[in-house]
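Each chain gets a letter, A, B, C and D, in the order it is written, and its residues are counted from 1.
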Amino acid sequence: MNSYSEGKIQAFQKKNENRARFLIKCPDQPGIVAAVSKFLYEHNANIVASDQFTMNPEGGEFFIRIEFECPDLKEQVSKLETRFVPIAEKFNMEWKIMYVRDIKNMAIFVSNEPHCLLELLWEWQSGDLMANIALVISNHETAREMVESLGIPFYYIPANKDIRHQVEVKQKQLLEQYEVDLIVLARYMQILTPEFVGHFENRIINIHHSFLPAFIGAKPYERAYQRGVKMIGATSHYVTNDLDEGPIIEQNIGRVDHRDNGEDMKKIGQSIERSVLARAVKWHLEDRIIVYKNKTIVF
Amino acid sequence: MNSYSEGKIQAFQKKNENRARFLIKCPDQPGIVAAVSKFLYEHNANIVASDQFTMNPEGGEFFIRIEFECPDLKEQVSKLETRFVPIAEKFNMEWKIMYVRDIKNMAIFVSNEPHCLLELLWEWQSGDLMANIALVISNHETAREMVESLGIPFYYIPANKDIRHQVEVKQKQLLEQYEVDLIVLARYMQILTPEFVGHFENRIINIHHSFLPAFIGAKPYERAYQRGVKMIGATSHYVTNDLDEGPIIEQNIGRVDHRDNGEDMKKIGQSIERSVLARAVKWHLEDRIIVYKNKTIVF
Amino acid sequence: MNSYSEGKIQAFQKKNENRARFLIKCPDQPGIVAAVSKFLYEHNANIVASDQFTMNPEGGEFFIRIEFECPDLKEQVSKLETRFVPIAEKFNMEWKIMYVRDIKNMAIFVSNEPHCLLELLWEWQSGDLMANIALVISNHETAREMVESLGIPFYYIPANKDIRHQVEVKQKQLLEQYEVDLIVLARYMQILTPEFVGHFENRIINIHHSFLPAFIGAKPYERAYQRGVKMIGATSHYVTNDLDEGPIIEQNIGRVDHRDNGEDMKKIGQSIERSVLARAVKWHLEDRIIVYKNKTIVF
Amino acid sequence: MNSYSEGKIQAFQKKNENRARFLIKCPDQPGIVAAVSKFLYEHNANIVASDQFTMNPEGGEFFIRIEFECPDLKEQVSKLETRFVPIAEKFNMEWKIMYVRDIKNMAIFVSNEPHCLLELLWEWQSGDLMANIALVISNHETAREMVESLGIPFYYIPANKDIRHQVEVKQKQLLEQYEVDLIVLARYMQILTPEFVGHFENRIINIHHSFLPAFIGAKPYERAYQRGVKMIGATSHYVTNDLDEGPIIEQNIGRVDHRDNGEDMKKIGQSIERSVLARAVKWHLEDRIIVYKNKTIVF
């Protein structure tokens, strides 16, 4: 990490040392909010933001994200987590408390089109992407210079479908060594094995260069041009073992017309890809995303 | 009200007979959510949706909108409202409970451009605008036929700045007679007196045909054309005594280019005006808007 | 046609009695613009607007749309058309001259969701859709009242896949009787036979309620909800015999999130459908669309 | 210029060695297109793209931009320019021919917010901004490292209103030394003197961080927050001596809501500023913009 970003991160951690995020998923039933908010109040925590959602009001699933401030949070942590257990059991909750000062370690995978990587680096440098970019892994050398110039380790690991297994062994070693929490596929043009994907469930974010479910798979801009669409798009999603079928986090489009050939569409699309991926990564880092079945709830 | 819309409204009321909305505004402090959610839980109310906001986290203002279901709401109403008083006093709350089955009475004022009126009538006919359109008042006869064909009373009241007072006396009589809750100025090109505005504080919604604060006042499209802007817009806001300065509810824009003259801009703009006004009216009817100083919180 | 719209149309025809549109398609080669513009100049025609496009500059296809004013156009017509023949032959052109005063006859087909029909009627009434709405055909009675109240003939023809042939016989009789130039399927939920489609090549415009090529076929909103997309869309296209595969004219999207269920998506989508269809129809009426293979050039 | 970009520029020049752009402005009259297209045809030039506009059809102004290919353009240049003079005189034209291989020299001025500068550098590196970024001038040292790392000269010239004259003397020396064609104010927070502006008429592009004409002058995001607007915007325009009143080239907006404070608006706005400025610069570099009175025609 270069000293500039280090400074930004430290300031952010200092400012948020008493802030945490509560994420809860449970069957809907009366009394959840009352129980959780009473619990927080009794532990001197002040709710700063709260967002909830009931999927299918009758007999459905309840989701809530609460951001709170709690004096001396560091000392309170274990107490909070222990004491919440009976409530969680009563309501049959899946839950976690995330501490804002715990900056996530992120790996970026990229092939030879660097625009999405550049966007992430740009947001990170300007302090808008609060993560530790631990390393960049690529099957091309294209991005080495720009990555290393920012003090971020760059690993070149050639890849193709025949050596997939060996490649992933090396990648996993690095991911473990750097204690990576989140993998971002910033236009990484290799398919991952089910084993690899399973190991990082809901922790791999991909950007696909079409408005899914249209143009799943290879060469979406070319196919968009062939079809004569009047807009192109991009989709960020968590990676599952069904190609381009994982839970969608964010999508957007841009207008094109008959004057735009495949190459033009690609250029227009790149700027959409950049912002759609950056938003998804940011939301993940802020613990705003809950995955439920094959969908996301983005608070 | 025509029989078609009457049927839609009755179905809606039946479906929502146990649903209410809680709107609260108070100084921020710990324990508010705990107290309110405990109160609701103890009265068998289930929170269906909840949205909150703290303006300026340190020493700021707290706002919450809770939508809840409560069995036998009709019988519970007075109990709920009475018993909540001590909590409200403790936290120094401004609050109200709105019952979803209580459909609001709405008056629409229009001059001779009917597009915004038409949009509201269209949304209303299709059951997307849950209000009782009690009457339409106009200083032109243009809209009479389309209004009356839907079974809505239409009143033609000629108006100009010299007879403003007499005009408003007549208008107020009608508004009282029809027990109007909300006035929508759907391109009504007359200025209202401070007395009239004061009487309906935060209950008059206007559509202005520019992206405010640009082009306040008359002929915004002409001025937009003169200035050579590359987009035009519309703004819906609550009416105050400062022309086009009231709390903004919603805004949007559309792109224009050098080929669009003032007349083209007007046509492009009309479609923006329609949707921006319709959204604002819908949000008001759903009790989603809290006015604070000169701003709106739209939940 | 009601007297109000009749007046608007007559005024438009009067204003445009000397205006025409030249549409040309031919293999790209030097000298086309020079030849055409010289021809127009020599016939006292002034070019008011001109838009051209070369698909695939090397060895490609050339398209141009020229709007021009020509004094005494009525008298010039046959001369213009005859004298242009040698030029057209030299450059191997497909071409036509459309006279703006020749208002097109339009039929609207609708089933039981009237929002797209209503939008077209609304635009037509306000003088923004310069067509003669000759008749409305529906397999439901839903829209009869609103159509007839505007003085437009309404024909109820029940339809289902077993009686497709008989239904189309009746429809074709009506279309011939009213000398229909353009058929708009404003959410008409019946599939047309290849014979019918072939008879009206590039003269049937459909609105599909998804961003094609995603969600081809039935129930796109339900499938969009199931897939967990973050935006929904609509596509207007010319009808061919491949379901939802015809040349796309216009598309747009609206954002949705996890709170929007299938029903909400439908409501958000309807407003997108309305504007996407209305734009496509307007462009067709203004002779702005050239179909080339399975794509449209929209000038 | 670094070697990477140098390579891209050379490839672009090679590809476009026979391509030029014709820009013409004259009083509207019959025969202009015929005369110009005949002229080009007779000089073996093939029209690749053509865009024209008549402002105010009756007795108005005519504008056209023609992009053409001409074999051996280098040798033809002087002949073309000489022989066109009689035509230009006949129609009273202002005109110029721009040769695509003549890459423009561009200076970027920046203060201490580097996001717009970064966007331009990013687009330039990826070959999407076809200019020679000759130098960057700043009244802060913030951007030095990122600029110099790309091989672009960086000049730190402290500035404030008391030393405006001396500052501009130094700046002008540099601009002359580097033969600068275009100055981009990429969030340069100093006002330029009328003398300086006059010297670079229609060759200084500024980005203002609001949707003009709203929030002219200082601190637009703060004022937008105070006003409670529901969207913020950015505007790129040519600089004139009336602050933020010059011809608008491009504008766009982003949505905000009550949760966004001034700081949030600034972050959302920065991404709008980046794209709005980059588009304007690109259009200028491609000779797409004609300034007429206080407006732009963007072809």
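A few points about this structure:
Following the convention adopted for this analysis, a contact is a pair of C-beta atoms (placed from the backbone, for glycine too) under 8 Å apart; a residue touches a chain by one contact, two chains touch by 3 or more.
In UniProt terms the chains read A, B, C, D = Formyltetrahydrofolate deformylase.
Not measured: the values here are computed from a predicted model.
Of the two chain pairs considered here, B-D and B-C, the higher C-beta contact count falls to B-D. Using the average of C-alpha coordinates as each chain's centre, B ends up farthest from subunit D.
The mean-CA centres of subunit B and subunit C are about 37 angstrom from one another, to the nearest whole unit.
Averaging C-alpha coordinates per chain places the centre of subunit B 43 Å away from that of subunit D. The residues of subunit B that reach two or more other chains are 53, listed in rising order.
Chain-to-chain contact here is organised exhaustively, every possible pair of chains being in touch.
Residues of subunit B touching subunit A in their complex: 30-31, 33-34, 37-38, 40-41, 44-54, 57, 69. For subunit A in complex with subunit C, the touching residues are 53, 55-56, 211-215, 227-231, 233, 247-253, 257-259, 261, 294-298. The residues of subunit D lying in touch with subunit A in their complex are 115, 118, 122, 126, 128, 149, 267, 271, 275.
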